[in-house]
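Each of the two complexes below includes chain A, the first together with chain B, the second together with chain C.
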Partner chain A sequence: MLELTNPLLLAVILINFYTLGSARLVACVRVVALQGALLALLPLLSHGFTFHAMVLAAEAFCFKGVVIPWLLLRAIHRVRIRREMEPIVGFVPTLILGVLTTVGAFLFADLLPLAPEHHDGMFVPTALATMFSGFLLLITRRKAITQILGYLMLENGIFIFAVLLSAAMPFMVEAGILLDLLVGVFVMGIVVNQISREFSTLNTERLTALKE
Partner chain B sequence: MLLLLILFPLAVALLALLLPWYQARSWLLPVSGALHLLMAGVTVAGPGHAPSPWIALDALSSLVLIVTSLLYFGCAVYAVGYLDLRRDRGNKTIVPCLLVFLSAMTLAIAARHLGLLWMAVEATTLASAPLIYYNRNRLSIEATWKYLLLCSVGIALALLGILFIAYAALAGGGMPATLQLDTLLAGATQLSRPWLHAGYVFLLVGFGTKMGLAPLHSWKPDAYGEAPGMVGALLAGGLTSVAFLAILRAVQLMTAAGDGAMARQALLGMGLLSLLIAAIFMVRQPDIKRLLAYSSVEHMGILAIGVGIGGLATFGAMLHLVNNALTKGCLFLSAGNIQRAYDSKRLSKVHGALATLPISGSIFLAGFLAITGSPPFGLFMSEFTILRGIFGSGQTWIGLLMVLLLAMVFIGMGATVLTATQGEPVKLESAYKDNFLLVISPLLFLLLVLLLGVYLPEPLQNALREAAALLEVQL
Partner chain C sequence: MIIRLFLHLALLLLFAPLLQGVITRTKALFAGRVGAPLLQPYYDLARLWRKGFVFSRTTTWVFLAGPLVGLVVPLLASLLIPFGALPAPISFEGDLVLFVYLFALSRFFTVAAALDTGSSFEGMGAAREVTFSCLAEPTLLFALLVLARLSDGLSLGTLLGSHLLPAWHSDAGASLGLILVSLFLVLLVENSRIPFDDPNTHLELTMIHEVMILDHSGPALGMILYGAALKMMVMGALLVRLALPWQTGWWLSDALLFLAGLTGLAVLIGVIESIMARLRLPRVPQVLVGTMLLSIFALVLVLR
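This part shows the complex of A and B:
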């Protein structure tokens, strides 16, 4: 089963690239949902169908693949933005940066003192690459919704790393972390609604009244 | 008992959601605050309880628990008066959120499992976001968005740091991957070094964002500036102490693994930078609440420096944590009163506070003297102890730099505070008047800080010493 994780992680990386290069907000939310759903398979593939892995997978699928994207799509619908995103750095440059950081992540992961059983897998480089892509999205985009997507991708990257360690994470804690993520996105969604009501835009560049 | 301490605020929060009366809902806060303080006192003073792998108190967490609980109780009493003034804004959201916030803070303090600790700290972020958004205007949205995004990303990095530490256990080969603090501390020498170090850095960055150490403090002036006074007090006195406790857990782990010196150096660097940045931004600061936010950055820096130096300075830092929390409570609450009265927190409108609002104005002025470490207040004692620790350890240049920066802070902060408080009385447009509920808490905080400066009771001294001892190398 373990060999199946490689194509899955490859798909995760391709989704990173798509999100970095795409201008369509709804499509971006959908592929990040797909990424979450794919990641939900990861514990099953790497630990087999144990009870722990199954619950974790079900939770991750519900939250990352269904509920959070649904919340975001609803927020997009409500504030009526389908327009292209207006990046601070263009799509092509961010995509190139994304590719470069991914290559860097693979090179860097080879240098890490990993436990022997993790040397061959793509877990660690993919985790790093996904986190970097999330960061890029957070930094280079202006729309509040895209920044939330960046945050989600960052969490997805951490999730990949966490799968390696699920023995250290008891049930309750895993559930709590995912719940925190869900509530976090929910609260951010509420704030997004308020931003659009007050400013009639979702561009966070308008949020500059508070400064020295 | 400890579990009850975490759960009962949640139950009261539920009750607050259902209760239809405005005043009764407000009064739930001080009642549960008093109950929390009482139970926290009993739990800490009571006989040692069966150690649990999930939640337990040690000397460090007991100290933070009592301080946070005391601060919360004071703010809760103030809240009744404050919410009465703000009937236009309502208290249907803020009261349950404040209670959930209390519960999350207690859980974060008591957690003995790093995953649980992370969960609770993130929960505090989420519960406090609606508190910052209380005023529901453009500025508070901006502040809330920055707070939410920066802290969430910061905390996500802390999660990565926690995972790295779990991986350090796995890669070290000596034990199975675990996040239980006591197990990790016991087997710290077997942890894989590179992963432990990387984990520490990420924990420092992540929880440092939450604590507001420079250069990760950029959300702080906005959030503290736009939040109501009592929320500012709870964030600056309570939540920062909780985040500091989380960092101290990482320091404990590094010390147990024999890399304490490295951990301390990183803290020292960030502490000095915080002090420097705060001193720069406090000069000519035209907004009294943003001024307090930078003062918070400054004092987080002093805490980091204290622990970074070690020895006597660590003891000083523990005392400073208590003093800082109480003084921040006093300052934010009285600044909140001034803001209500003048309907502004900027120096363009706020002046003559001493003559216009004799009680709140003088508490604010005295609070300024306390926070800048003037004798005979408690902060003088703690800052002096930290400085003695620094000079005693032979790091004269760091000591001199700190004295210089503290003087700069005093001058910068003094200019703003004196402009706000001195001058002719102003005819107020608002109907605000100081009343008992609004001034009693800041006044009591101030008296406590004064008392701590004059006399340090024996039990407290022991508690501080025990807390500091946890951070030292144990042989």
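This part shows the complex of A and C:
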């Protein structure tokens, strides 16, 4: 089973790069949904078909692969935006930063005092790299929807870590994280609607200006 | 040794224009047309060769040097690279650097010939060509570095040797897949195919390579077209060997496997040209930087 996880994690990293370099919102939401669905296979591949792994996979697939992307696509459809215009940092620089942080994650993971069975695998570096990419997306984009995507990607990175520990991690913790995420996306969806109604745009920097 | 050299050159010289024919035919089939005969590139070359040279009075010897170097360089480069499992006739340590920079040499002379005409239009094409190729070059070098790391050698013969087949099945398979994709994109850029450049267009805004050769005619144009076909086959040889690393042991079946791989590559290019639109000019450097980053990432994966 282990030889399938490496291509899977590689696909996850490539999806990170694509999301950092692309301006099309719908395509970005779709690939992040694909990333979530791919990650749902991860517990099955690394722990076999146990009850715990299957529940973890099913809930990851439902939330990360279906429900949250569907909410985002609906929000995009409703506020009628197609592309991320004028990001704070350009697409090519973000992509370069993304690759640099990914390379850094690979180098850094070798230095970490991990359990010996995790030392050579791609799990820890991929988890770190996905979290960094999510951070980058959160920092560099102006549109609220792309920032939600960054948040989602951040959670995907945490999920990869969680799969490593899933034997030790209680099921309730993972469920709690997902519930948090879902609530976060709901709140942000309401905020998105509110921003677009108030300012007829989705740029979040308008929110920092005070008004009497 | 001599027989191997002749076999290498015969394969290259005879088969190269057919690839262009296969691409045109695939595009025609996708568009629902019958299309030109597969051997049309050969007829075109013969027709161009029968015509006379026409030189503008403003040009100098540089104008003719462009096509000549463009024809000779792929021939030289082909001697360094193995065709499938057939070993390269000339091989020495570090020939991969020569391989990369031979193409830079031919590009320099093509650009110089374009500038020699004194037309601002050709200058524009030259500027675009140089910009895109300087972004494509690091990708090629990083990809070769990945292969060098995997094979512990520095000659193209070792790089593309028999270690490739076990490497695909090991952990390095992911890196090989990444550099296969980036090398394919480099092939599309270097041979000015869609989505980077459209070989059929004659529109000022979109032309890159075509615009540089507008003033060449007759045998000089023939040399450029033949050189472009040879260049595509030489760069294709790198990809085909990487994708089909099998070795049969008998030279004829090795050669047939190689030619089948090249034909498959040509069909793939034709399919891509049929289903994709040309990229906007500002998007091209972005995609090229992306492929460069992919190959750097592949290198990091094999280095750790």
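What we mean here is this: the second predicted complex is superposed on the first by the 206 of 212 C-alpha atoms of A that agree within 3 Å, B and C clash if a C-alpha of one lies under 4 Å from a C-alpha of the other, contacts with A are read in each partner's own complex, and residues count from 1 in each chain.
Here is the rule we use: a residue touches a chain if its C-beta (ideal position, glycine included) is under 8 Å from a C-beta of that chain, and two chains touch if they have at least 3 such contacts.
Since this is a predicted model, take the numbers as computed values, not measurements.
Participant: Looking at the overlay on chain A, is there a clash between chain B and chain C, or do the two fit?
Facilitator: Here chain B and chain C can both sit on chain A without a clash.
Participant: Quick one: is A:29 in contact with chain B, with chain C, with both, or with neither? Answer first, second, both or neither.
Facilitator: neither
Participant: Once chain A of both complexes is superposed, is A:138 in touch with chain B (first), chain C (second), both, or neither?
Facilitator: Once the two structures are laid over each other on A, A:138 reaches chain B alone.
Participant: Thinking of the overlay built on chain A, is A:15 touched by chain B (first), by chain C (second), by both, or by neither?
Facilitator: It touches nothing on chain B or chain C.
Participant: Decide which partner touches more residues of chain A, taking chain B and chain C as the two options.
Facilitator: Of chain B and chain C, B contacts more residues of chain A.
Participant: After lining up the shared chain so the two structures overlap, which partner does A:95 touch, if you call chain B first and chain C second: first, second, both or neither?
Facilitator: After superposition on chain A, A:95 lies in contact with chain C alone.
Participant: Would you sort A:183 into first (chain B), second (chain C), both or neither based on which partner it touches?
Facilitator: After superposition on chain A, A:183 lies in contact with chain B alone.
Participant: Given the touch rule stated above, what does A:75 touch, chain B (first), chain C (second), both, or neither?
Facilitator: So A:75 meets neither chain B nor chain C here.
Participant: Between chain B and chain C, what opening angle does the Cα centre of chain A see in the overlaid model, nearest 10 degrees?
Facilitator: Spelled out: centre of chain A as vertex, angle of 150 degrees.
Participant: With both complexes superposed on chain A, which partner does A:110 reach: first (chain B), second (chain C), both or neither?
Facilitator: The second partner, chain C, only.
Participant: For A:162, using the defined touch cut-off, is the partner it touches chain B, chain C, both, or neither? Pick first, second, both or neither.
Facilitator: Touch partner of A:162: chain B, not chain C.
Participant: First (chain B), second (chain C), both or neither: which does A:45 touch?
Facilitator: In the superposition, A:45 touches no partner, neither chain B nor chain C.
Participant: For the overlay built on chain A, what is the smallest gap between any CA atom of chain B and any CA atom of chain C, in Å?
Facilitator: Least C-alpha distance after superposition: 22 Å.
Participant: Determine where on chain A the residues touched by chain B overlap those touched by chain C, and list them.
Facilitator: Comparing the two interfaces on chain A, one with chain B and one with chain C, no residues are shared.
Participant: Which stretch or stretches of chain B touch chain A in the complex?
Facilitator: 113, 115-116, 118-119, 122-123, 125-126, 129-130, 133, 136-139, 141-146, 148-149, 152-153, 156, 159-160, 163, 166-167, 169-171, 173, 176-179, 192, 194-195, 221-222, 225-226, 281
Participant: Note which residues of chain A are touching chain B in the complex, please.
Facilitator: Its residues touching chain B are 112-115, 131, 138, 144, 147, 151, 154-155, 158, 161-162, 164-165, 167-170, 172-174, 176-177, 180, 183-184, 187-188, 191, 194-195, 198-199, 204, 207-210, 212.
Participant: Which residues of chain A touch chain C once you look at their complex with the stated criterion?
Facilitator: By the definition above, chain A touches chain C via 6-7, 10, 13, 17, 21, 91-92, 95-96, 99, 102-103, 106-107, 110.
Participant: Applying the document's contact rule, which stretches of chain C touch chain A when the two form their complex?
Facilitator: Residues of chain C touching chain A: 171, 174, 178, 285-286, 289-290, 293-294, 296-297, 300-301, 304.
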